[in-house]
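Report on one structure; see the data block that follows.
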Amino acid sequence: MEFTARVIADYLKGELEGNPDVKVNAFTKIEEGKPGTLTFLANPKYEKYLYETEADIVIVNKSQPVTGRVKSTLIKVDDAYGAFATLLELYHASVPEKTGREEPAYVASSALLGEGVFVGVFSCIAEHARIGNQVKIHRQVYIGENVKIGDRTVLYPGVKVYRDCVIGCDCILHSGAVVGADGFGFAPQSGADFKKIPQIGNVVIEDRVEIGANTCIDRATIGSTILRRGVKLDNLIQVGHNVEIGENTVIASQSGISGSSKIGPNCMIAGQVGIAGHIVIAEGTKIGAQSGLNSSVKEPNRAIMGTPAFDYTGYMKSSVIIRKLPELTKRIDELEKKTAVNNG
Amino acid sequence: MEFTARVIADYLKGELEGNPDVKVNAFTKIEEGKPGTLTFLANPKYEKYLYETEADIVIVNKSQPVTGRVKSTLIKVDDAYGAFATLLELYHASVPEKTGREEPAYVASSALLGEGVFVGVFSCIAEHARIGNQVKIHRQVYIGENVKIGDRTVLYPGVKVYRDCVIGCDCILHSGAVVGADGFGFAPQSGADFKKIPQIGNVVIEDRVEIGANTCIDRATIGSTILRRGVKLDNLIQVGHNVEIGENTVIASQSGISGSSKIGPNCMIAGQVGIAGHIVIAEGTKIGAQSGLNSSVKEPNRAIMGTPAFDYTGYMKSSVIIRKLPELTKRIDELEKKTAVNNG
Amino acid sequence: MEFTARVIADYLKGELEGNPDVKVNAFTKIEEGKPGTLTFLANPKYEKYLYETEADIVIVNKSQPVTGRVKSTLIKVDDAYGAFATLLELYHASVPEKTGREEPAYVASSALLGEGVFVGVFSCIAEHARIGNQVKIHRQVYIGENVKIGDRTVLYPGVKVYRDCVIGCDCILHSGAVVGADGFGFAPQSGADFKKIPQIGNVVIEDRVEIGANTCIDRATIGSTILRRGVKLDNLIQVGHNVEIGENTVIASQSGISGSSKIGPNCMIAGQVGIAGHIVIAEGTKIGAQSGLNSSVKEPNRAIMGTPAFDYTGYMKSSVIIRKLPELTKRIDELEKKTAVNNG
């Protein structure tokens, strides 16, 4: 597909500056711009690339100062990043969608499939599963017994959903994600061996949730592990049994949440964070990377960091002093010497 | 299935208080109790729920004080949590077990399968594998050449077991677990490129081991990576080549153990812990979440935490002071000023 | 296969000491040596095993002092570990390689396969994929549309490669690795919900790269996420979108690199390290386990550790003092008392 700057400017309702007839057929980063590509500049810090790029079209903010010579055609909009994202979406939507059923695939006769469903080769849809309309079940996916999946949800190759779990509409699950494996529950017995506590609950994932590659969401012991509407989980995350994650909370890669904890809505949790079991994290909490939380966060909208986590600014101050601890120790040694002399 | 309080009380040899004819058909958490459900109260801290719950039956400890009005039928036993777990097990055992072989599945002609084995669709059992009785190989599982699996072991959809590995009886492996991938072994060469050290050993997993979703157990360079009887591993754990983990040791999610380390029996290792290579952790060691161990723990039954880890109580004391480091620094500044004056 | 000490010594061009006719058919660790096995001793620290081992053949360095009675036949070479690795390679190469195509497998008619390719049962090679010569696509592998894979690369069971990704020659991808899932990119919208930024780039993996089990390499938003020649990644690693990892850099298990960061060549990154987005790590940087990096490392060949990371030696000094913080606090208390008295 090839588009002229004029067509794109019209679509974005932007102002065109430069050759309206130049054609592009690919997206690029501004610092890697080549002829035939379109890019954007949103951060004024990178202005210099505007004069260096070989991209034929650059989408810029109307507020962007232009102080040098620009070879590219500019399209000026209110929000360059948003406009660029819109074009990416258009492109993405143009990839033809698969429908129908490839063979061999295993679809239990008691499973109910909506309209426009794609079932990839070597996938399995077990007994009594109910699959909504336009759901894409890519290759080698496993959908267990009684699983329910809402409209337009996409399951990439190799996703595994254990029995009885419920997934909403417009969700995306990436390869290797495991939904509904047993929670980690064992009771000590009189002997030294542990006794497994059966995990008979399920996982409930509401609408518009995205789950990254190889992320694991354990089923509840009883009741449900719940991901509320709009939750976004990156790759390799662990969500323990009976956890609840609030609406629109975003969690970066390799973080883990232990059993029965409740994360409020609109939280932002960075990578490799660990959250202990049975605690509550208030709405809007921001947690820095690699932090460890062993107690609840009751006040909303705090930024915290460290293990155990405390306020972010304090953590940053303390971490600077940690580097100076040897020096600090020397100063104390020195003070003790002087004080001994004074007292001596 | 529906049971009366009387039948359940008889089964648990408990004392019944309230309506013996009330019927339940599901389990619930006490705070989410609804008519038709059964729940339990083990922790006296949550006594208030006893008076609020809508569950029709509550299993309680005989020692549980009852000071308010209870709507539910009570079943009083010595160990409410244990009794509830027993009922969960009964329920879990009532899910009908699959046997036989779904098609298409790949079972090498040289593979030996015991009685009552289930082989799910799209699974692969390679040459010379030996599968015990009542083993459940769910869908899309991979069993490599010469693998041996003991009786009653369950492999959930998508488990991958590389060639030559040995898994005991009564084990459970969850989706995405990878047993026997190459250990991470490379030798520097005269040039800048690394040379791969072939990993020709295997993994040996003894009886009653549970392995969580997407957990990785690497094969040994030579010899075996060993998980002893009763080991329980949560999700997303890394076990390096030639590691040995002792009996009944329990490890929480996202922890990692580097090559050739030996973990003693009855250890409890929390989440996101890192253990360096070639070290030894004594029996009964308890390691706090996110700790990092770079040297051996020789004394058994210690509780440790931190990176590098030291004793748990000390860690907790130090971590409180870390928050006060800016204040501590000011106090030293102040002291220096005063001492300078005193000396001046 | 069974070989005599003489044959092995000749092959390694080593000096033989002891019975040249003794035969071995397996490798072993020196401390676990049994009759019929071959082992090696490279580290003089473990000399005592030389006198205890039951292995029939031990490869030793020419420089190895022998002060006791040795039962085994010795083969003396310049580099015992290298010689042993060479024998492991020979053994490994003797495992017969699979070729041809098992059925059922899904190979799109538009896919191009080179010579000597193995396609395992239940694997899927999608439209327009191009597979080089002698590539081994084991069972249950997924190769997306337009993927290109170079000669002799091995994909173990269950590897998933999303559309448009490019993998070089002589690479190894272990089970559960996911290449090309969407990067984690969301833009806040005027409402509380996030908007997904389409990820239309790809992943480019150059030659001689190894990727561990369940490791995730996200595709770029636009452009490519790049792993340069000779990169070695352990298990359960996260590589974010638009990351670039330089030649021969080695990363241990469970580390994560956030979006758009550039890691230089010849770095050594230990386990559970976290690297923030949009930073640059200079060539030859060594990063200690569990470190967290939130800013660029500009000077090459530094060793760093901690969160936030600083120089390794300093970190080690500070971590010793952290254990003594309660004592340090007491010393300051004491000083304040004394100084108050002096001033009083």
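Per-chain numbering from 1; labels A, B and C assigned in written order.
Please note the rule applied: contacts are C-beta pairs under 8 Å (C-beta built on N, C-alpha and C of every residue); 3 or more make two chains touch, one makes a residue touch a chain.
Quantities reported herein were computed from a predicted structural model and do not represent experimental measurements.
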Rotation angle superposing chain A onto its copy chain C by C-alpha atoms, nearest 5 degrees: 120
Same or different contact residues where chain C meets its copy chain B, judged by the half mark: different
Length of the line joining the C-alpha centres of chain B and chain C, rounded to whole Å: 25
Residues of chain A whose C-beta touches two or more other chains: 104, 122, 140, 158, 176, 214, 236, 254, 272, 290, 322, 328, 332, 335, 339, 342
Residues of chain A touching chain C in the complex: 27-29, 32, 81-82, 85, 88-89, 91-92, 102, 104, 120-122, 139-140, 156-158, 172, 174-176, 208, 210, 212-214, 229-230, 232, 234-236, 247-248, 250, 252-254, 265-266, 271-272, 289-290, 319, 322-323, 325-326, 328-329, 332, 335-336, 339, 342-343
Parts of chain C lying in touch with chain A, wherever the complex brings them together: 104, 106, 122, 124, 140, 142, 144, 158, 160, 162, 176, 178, 181-182, 184, 186-187, 192-198, 200, 214, 216, 218, 221-223, 236, 238, 240, 242, 254, 256, 258, 272, 274, 276, 290, 292, 294, 306-308, 310, 314, 317-318, 321-322, 328, 331-332, 335, 338-339, 342
